[in-house]
Amino acid sequence: MSASIIALIPLVPLASFLLLGLFGRKYLSAISGWIGTLSLMFSAGLSLVTAYNYFFVSGKVNGVYQQITLAKFTWLAFSPEVSIDMGLFLDPISMMMIVIVTFISLMVHIYSLGYMKGEERFATYYAFLSLFTFSMLGLVLSCNIFQIYMFWELVGVSSYLLISFYFDRPSAVAASKKAFIVTRFADLGFLIGILILAFGAHTLDFKTLIEKLTTATPELHGMISSSFLGLSALTWGLLLVFAGGAGKSAMFPLHIWLPDAMEGPTPVSALIHAATMVVAGVYLVARLFPVFVMSCPGALQVVAYVGIFSSLFAAVIACTQTDIKRVLAYSTMSQIGYMMFALGVSGYSGEGGLGFTASMFHLFTHAMFKALLFLGAGSVIHYVHSNEMKDMGGLRKYMPVTHITFLIACLAIAGVPPFSGFFSKEEILTAAYHSNKAIYMIALFTAGLTAFYMFRLYFSIFWNKEYHAHDESTDAHHGEAPWTMKLPLLLLSILAFAAGFVPFGQFVSSDGHPLASEFHLALAIPPVVIGLLGIILALVMYRGQNNLSEKVSGLFSYLYQAAYRKFYIDEIYLFITRKVIFNLIAVPSAWVDKNLVDGAVNLSASMTGETSELIKGWQSGKMQQYAIWFFAGVIGLVIMFVCMWY
Amino acid sequence: MVLSFLVFVPLVTAIVILLCRSAGQVRLAALTGSLLQLGLTAFLLLAYTNERQAGNTDQMLFQYRTIWFAPLNIQYHVGVDGISVAMILLTAFIVLAGVLVSWKIENLTKEFFFLLLLLSAGAYGFFISLDLFVLFFFLEIAVIPKYLLIGIWGSGRKEYSATKLALMLMGGSALVFVGILGVYYYNGSQTFDMLELSKSHIPVAIQHFFFPFLFLGFGVFGALFPFHTWVPDGHSSAPTSASMFLAGISMKLGGYGCLRVATYLMPEGAHEYQSIIILLAAIAILYGAFATMMQTDLKYINAYSSVSHCGFVLLGIGMLTQTAIIGAVMQMVSHGLMTALFFAAIGMLYERTHTRAIEKMGGILKLTPFIGTVFFIAGLCSLGLPGFSGFAAEMTVFMGAWQNTEIWYRIATIAACASIVVTAVYILRALGKVMMGPVLDEQHADITDAGWNEKFATVLLIVAIVFIGIAPIFLQHLITPGAEAIMQNVSRAGF
Amino acid sequence: MDLSFLIAMKFEMMITLIIFVLLFLKIDGRASNQTTIRVAYGMLVLNLVLGFAGNVYVEIFNGMFRSTPLLAFEKNMLNLATLIIALSSYEWLRNHKHLAEFFMLLLSSLLGMFFMMSSCNMLMFYLGLELSTIPLAALCNFDLHKKISSEAAMKMILSSAFSSAILLFGVSLLYGCTGTFDFKMISALLTGSTLQDLAFILIFSGFAFKLSVVPFHLWTADVYEGSPIAVTAFLSVVSKAAMSFVFISVLYTVFGKLGSIWYAMLAVSAVITMIIGNLFALRQSNLKRFFAFSSIAQVGYLLISISSVSILGVASVVYFILIYIFSNLAAFGVISVISSLTGKESIEDYKGLYASNPKLALIMAISLFSLAGIPPTAGFFGKLFLLTAGASVHNWTLIIIASLNLIISLYYYLRIVRVMFIDETNEPLVKLNFSINETVAFLICVLGVLSVGFLRGVYELIFGLSSGL
Amino acid sequence: MIGVPLTHILFLSTALFFIGVFGFLTRRNMITMLMSAELMLNSVNINFIAFNKYLFGHQLDGVFFTLFLIAIAAAEAAVAIAIIINIYRNYQSIDIDDADTLKF
């Protein structure tokens, strides 16, 4: 199908952004929500058609999914071969991504109709949502590593705008600032990586780049041979690019912004910080996967270890948090860690490429159930007006729909068959098992933790103690939630249940050949068992009101404290930024400017003044001294003359 | 297309303004005059592109020359290439915006607009002149109006800042003049004509001696570290439109001069001092950015960030690759528009809240959505967000800088890239403190949003910024031939 | 007998005529000040107009006296300057008891300068020199009752006596070496022997005194401050101009052979003069004194240009002086109006001048910018051409120092601009209204300052003339 | 004429000149200073005459110069004395160091 129609998928949200951004606030605040939603419906439908079209009609040429570039035009040209091109890049993962993005975004749009009702800046909110959707779609459809960088920045800023949506809350402002700056720091790495890769491979275009760097070309040889500080240029490039990805995907140690980002409205968290933007890093690595796996396994190793560590790290912290959104945030981080190390342990083509497929598959399912979790949490918060677990409990009677859907999501993420999470996780673990046992064990343990903290969350929201509304007035008037909020929950829960049955390997694989994913019972059992264990543990501890949890936390008090304080990462960052950078660089440079540079100028001025004050006595009004000077002048000339000639 | 109109129109406007009776007439005259300028430059752009499409490959178009001082072989010689056209367009935009923003000037209205238009005449003349003497003439015309604008209508330590600015710029132009004389006497045939000079070969030793004079001289205008110190004081004491003009155009005179005069006429000199230039530029970029983090006065913030951003211009020039030079020019245009917008926003805010200290403000976005949005756009553009001009320009500079394969220059480039983070830090700090958060000062509660003139001005600038940001290729095409001509000289000289 | 002397000496005779007419008016004693002043103005204008006619190269008194087109041009410049001074000092003279004497003395001094400029002979030169100096000394004391005026006159006459004695000693030594006073023959007979060099140094000091080159400058400021403003203007513009014309021609034509010596002297004294002049100008509070030092600094630039032995140098000097006449006399005009109407001469009194008297403030500002060499005023071109000419001998240290001095000078010129335009005050000057004469003077000056740079003919004309030095 | 050589006379004149200079630089009384200046001029006169007589006997330039010089010196003295008298009126003193109101 024609490029111009595909181009509409990102452009329609852009149009609605412009419309709402320019006129929404004044003229269309009433209908702005519907404008946004309709535009999203349109592009969601369109992307579904496109994906269908790609997967089943046009995409496959003799059994291999092709990489198709459409509507390519030059945006900036730096040299004959290095130029920033804009275009639409169609391949299995981008197709999968546009479906996810548009669909989740649509869900969030609908949900927000209810959730954000009565907000003063309703129109602005929808404008930002559309902006984000546009940038995210542009990101996934990029055909050029620089194009992806541009949209990368754009999603960053729209996330910034949405986090700081409640901008009169200082905490929200701080959080948005943190999110932007941390990811910007990562993007610095990304940018330098791009520079290295671009001028190593003499191109910015993904296709050419991958071709050049996976086959034996002079560029590849050059990049491998030229080394800096012991690493080859290629390794540097890929690692720096991965750093960018890690920043967006909240991998350790760049994860600190994600929990704070929960200051944003909950639907936003569902869209940006759970389903779509945070997986951009995974997507980026997947984009460059052939280069990683074929030309630079070392970098891929790094990806794997960073991924597994982050997932364990986050899971541990998640067990201790009491703010439900933060729990979800850490679980997101942990799940993305899963995807990362899945990529890290994957090989290329055939069975070896299982990890890649698994990672993408998990991305897909995770998007569904994590969005569902967030939206569910959203409606709980909407009902309770609090994020804290202690204000909740026993809500199952009051909000049945939310309860059921939330349960489904929890089962999915805990990897209980036949829910979707089970399938993707199983594949990941299989891939890990085949390549790296250590990672496999850790992953398994993490799976257990995941199940535990999710059900800790579930029980303490919906069971545990009886619910006492802390103030009647607020929640007396509304029931569970308006249908606009229930509908997305239901739809998503269906998908969270069913997504697992998609024969994913058929569509998405590292090399484009369909991958028959066979089912190993032996490898399927352990995660399930561990997951169930986790669930049971949570059941025992949090099903009813008891002090078991305190006991346990007392048991590992140090660990508990450390985890509760997120292992003091924030404090460390604070120390580095405040004490080191601020006090050791910013303050001195300002001081230098004020005193040395400026001082030099003022000094030279005052020096001149001083001198003129100093020599004023020369003009002493005494006639004879003038004459003496006159005579001295004559003598001086004579002396000068003498010196010159003799 | 008669280029001299670009000089005459502002001059005539200025004279008309002198003849005006009432402030209203003055404003009207100024507005029409600046609109006329914009129209003229638009026409120039059209004519230029037509000529190029018609296959006219002369280096300079619309040339006109006439003897001025025959015995010294000084000619009034004007002509434009893409670079000049870009700068001229920038000037027109900023002048119009400046006139609109300073619409409400009450004290000595007539003089104010007179000086403003005199400045613009100087800038146009500088950008079109191809004769070094004429160029210098226009360079110096601009000094005194700046002094008076700051001194009379300024705020804060205005006299100190004005004097400092005037003297440092005078020092810069003194150095420039020495350099020009050197070029004049050593190029074989005593001429000031840049085109002839670019062909005639100046002895290498001479270039090594005189290049620093020209480069430093113009560098003072372009806020080259450590000669940037007039920038913060001058910008922050100046009235809004003067700040816009200073940061938007005057600093560009420096960059343009470094490129068009120093580098173009003395390529060997440029090669000789390349490393120093790059070092200074990198220092300016980072150091300016870090110094900005410490500022609490909005104008100082923007002034220091200007130092940092103009560092990119010098970095691009210093790298001596075509892409980098294109990037430098793009950065000049982009920074001109962006910083003008920022100053305009600050000025509007200052008129209403009567303070520029960021800790005294808060939640302005809630009170005046329009100004708030303008602030956000300016800020995001300055931290290099895609879709705004800053991003395209900076990326071009980086790309071009990276093309220079020398490892130390690449490290300098990385250092320069690092500034995007620092920029984000201080911009978001300012935005967060001023625009967001709760409303601190209840007196601010009743401030009004932008008036028609301010809206017009800011929208004008924003449109330009966004256009360049979305389709930088046009600007790049405009600049490329000029950059090629310069690169020919440079590569003839060096590698 | 041939009447070529009529053409050759037309300026001198014209001036003499005016002097006599005024003398008769005075003796007759019936003419009121008004008529006298009108007569004076009228004849000065006539003189100026006649000055343009029939300027050819003539030598008379067997080579003692010559007139060249360049000299004629220069003399006419001085005529113009004198006219402007006369016009702009109207307010001061209008009710002055000794009006006629003032003009007589002024004009006789001018006459002396003319002779000095045209002289081709030491004797003639010396006569001219004294004739230009002695009346000036008398003029300095024109305000008889003022202490400072008499002190200024005393300093003037004594120090000039001293300097001319030294100069004469040099002349006598030169005579001893060559046995002639004729310029051409002297330059032919110069051998560069030590005695000649010594003689030259003494003569040079004499010139340096008149041009107020550091360290021979110390009298300048005091005399300028003490004298009446019209006289100060005359001293700082006309006499300085005449001296520098003579200086150039004497250096180039007579002592050309000793170039290697006096180049060094010029370079050194130029640097010192600029720096010292600027440093002193920085801290002046009295405007006349301030302009004394600024004019000293300007002389430094003149010397740079002179030091490049070239037509370019000569042309630039003449061009600069033309512009200098306009800009400096505009400033002095403003000072004289303000001082003769309010008696205020210190910089502080000019606070808020723009608010009370915008016209005067603007004229002052323009002339200051021209003196500081800021475009578009003509001073920019004048100063730059001086430096350009100086650079033609590739003495870059000199040029660099000079152009850095531009910064200091800009500072103190801007100081006055700041006082007039920016500073507020609680006792501003009253609104002053001055007669048509000053207006005319201001008009001439401002037009000159604004137009000379853009009339491309002017510089070419001067250049053409100077080639016939 | 019997041999007073030129050098002797030059010695005399030079001595006279420097005496004049010395007097001018040291004497406090204005009239005395004026006289010292005259002394210097006279030394110049002697020079002229001497040179003329000894070296260039066939011409009279030096003599003429001397005549003019004497005349001018008289004129100068006249004006100077007038001024000094005026000084006396204003300052009640002709001590050079009292007249230093103009300075710096």
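For clarity, chains are labelled A, B, C and D in written order, and residue numbers in each chain start from 1.
In this text, a residue touches a chain if its C-beta (ideal position, glycine included) is under 8 Å from a C-beta of that chain, and two chains touch if they have at least 3 such contacts.
These numbers were taken from a predicted model, which means no experiment stands behind them.
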| item | value |
| --- | --- |
| Chain at maximum distance from chain C, centres defined as averaged CA atoms | A |
| Chain nearest the overall C-alpha centroid of the shown protein atoms | B |
| C-D against B-C, pair bridged by the larger set of C-beta contacts | C-D |
| Intercentroid distance (Cα basis), chain D paired with chain C, Å | 27 |
| Computed distance of Cα centres, chain D from chain B, in Å | 66 |
| Rounded Å distance, chain B centre to chain C centre (Cα mean) | 43 |
| Separation of mean Cα positions, chain D and chain A [Å, integer] | 98 |
| Contacts with 2+ other chains: residues of chain A | 616, 619, 621, 623, 627 |
| Residue list for chain B, restricted to those that touch at least two other chains | 167 |
| Numbers and ranges of chain D residues touching at least 2 other chains | 24, 33, 99-103 |
| Every chain pair meeting the contact rule | A-B, A-C, A-D, B-C, C-D |
| Of all residues in chain A, those that touch chain B in their complex | 25, 74-79, 82, 84, 146, 150-151, 153-154, 157, 160, 164, 167-168, 170, 173-174, 176-177, 180-181, 184-185, 187-188, 191-192, 195, 198-199, 228, 582, 585-587, 589-590, 592-593, 597-598, 600-601, 605 |
| Residues of chain A that touch chain D when the two form their complex | 616-617, 619-624, 627-628, 631 |
| In the complex, chain B residues that touch chain C | 67-72, 133, 137-138, 140-141, 143-144, 147-148, 151-152, 158-159, 162-163, 166-167, 170-171, 174-175, 177-178, 181-182, 184-185, 209 |
| Chain A residues touching chain C - in the complex, by the definition given at the top | 608-609, 611-613, 615-616, 618-619, 621, 623, 625-627, 629-630, 632-634, 636-638, 640-641, 644-645 |
| Chain B partner contacts - residues on chain C that touch it in the complex | 312, 315, 369, 374-376, 380-381, 384-385, 387-388, 391-392, 394, 396, 399-400, 403-404, 406-407, 410-411, 414, 417-418, 421-422, 456, 459-460, 463 |
